[in-house]
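Below, each structure is written out as structure tokens.
Each of the next two complexes has chain A plus one more chain, namely chain B in the first and chain C in the second.
And now, the complex of A and B:
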């Protein structure tokens, strides 16, 4: 990737269901990942619920999109972060998080990377765009 | 500065579209360049010509169309639009319907992308 590739960070701060923001936001991430841009995603606040494993959305009458999170790495979205405090505030641990892909070499599951607010701030400072989706 | 604007909310129900419009007008007045305006989520409802507000109210889609007439690229997301029944036939003049690739190019090419919505 050349130096002039733009860094674009998505923030997900809303719960996954009840509104369409997070779902349509996922569609944007998948498209942008196909372009020459350095994509990252940070889940924080209620957005961490989007990463909860085992969502059952059938009773809501929607198909849900947890399965798509499961292949984010295949879409070349591997910089996926989750805010530590937001998880802790909601009683979530790393084991609750969806798997977003598999390591090609070790075949180990890849989960979102847990980061703290300082790390998120440092990453944000490097971005060309921050898009709240 | 080269700016792009992204709008998430529908007209009248939410202030986002008004704020975005005022922002664009002010930016142009200050001599900034608007690389493009992109409507996503319920934002796609902002540029339908079926809109017919009371005469003493602002006409939101007409305002956007007039901005488009000045040569600003105004794009409605096709995926978000189709889901909501917004098609080419109902769009005001000077607005086009296209894909998220257009949003991507705006995000990359503009120095700042400003987002209006919840």
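And now, the complex of A and C:
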């Protein structure tokens, strides 16, 4: 990857549905993915609840975003990370996480990668821009 | 990197999250209700006192003054809007909204 490709990180710290942040953030990610950018997404604090699989938003009258999360890898957004402590504090395990794509070779489900605070801090330091949602 | 915190530490965990993900050499700027974290004698003062051992912390003077805060934790640098602009110019920014 050439040096002029921008490294852009999205941080998601809000829970889903209570505000429009997670929806708007997802939309921006998909738009940015159409450009030549090195995109990563980090879910932390209540943002990890956006990754809970099995969200049934029908009664809220909204489409939800699990289907879109399911194809993030197809949109070439595969650097999707979850803060381990935020996840554990909120009673979630890796099994709770939505699937974001499928491995082309093995056809195995791809889920977000669980990382710790030090790893996230190191990644943040490498970015050209960080967009909070 | 510059981390801005605009929420009161008594309202939510933005400041505490920021402190968990901060790197050596990063700076913190407290703005809006975030400046309540800069006040001396609060139950959350230790958070800032601790991070001051390793990182530089600023508070925005307009927000400090507007909230009648006359005593900020030792080591915090109170800065004006021009200083805010300088910080943004010198660092990449993450806002802990």
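Everything below uses one rule, namely that the second predicted complex is superposed on the first by the 133 of 133 C-alpha atoms of A that agree within 3 Å, B and C clash if a C-alpha of one lies under 4 Å from a C-alpha of the other, contacts with A are read in each partner's own complex, and residues count from 1 in each chain.
We adopt the following convention: contacts are C-beta pairs under 8 Å (C-beta built on N, C-alpha and C of every residue); 3 or more make two chains touch, one makes a residue touch a chain.
These numbers were taken from a predicted model, which means no experiment stands behind them.
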Touching partner for A:11 - first (chain B), second (chain C), both, neither: second
Partner chain in contact with A:32 - chain B first, chain C second, else both or neither: first
First, second, both or neither for A:132, with chain B first and chain C second: both
Partner chain(s) touched by A:122 [first = chain B, second = chain C, both, neither]: second
First (chain B), second (chain C), both or neither touched by A:24: first
Contacts on chain A seen with chain B and repeated with chain C across the two complexes: 128-129, 132
Sites on chain B touched by chain A in the complex: 6, 8, 40-41, 79-80, 99-101, 103-105, 107-108, 112-113, 115, 117-118
Chain C-touching residues of chain A, taken from the complex the two chains share: 11, 13, 44-45, 85, 117, 120-122, 124-125, 127-130, 132
Interfacial residue positions of chain A with respect to chain B in the complex: 6, 8, 20-21, 24, 27-28, 31-32, 35-37, 128-129, 131-132
Chain A-touching residues of chain C, taken from the complex the two chains share: 1, 13-14, 17, 20-23, 92-97
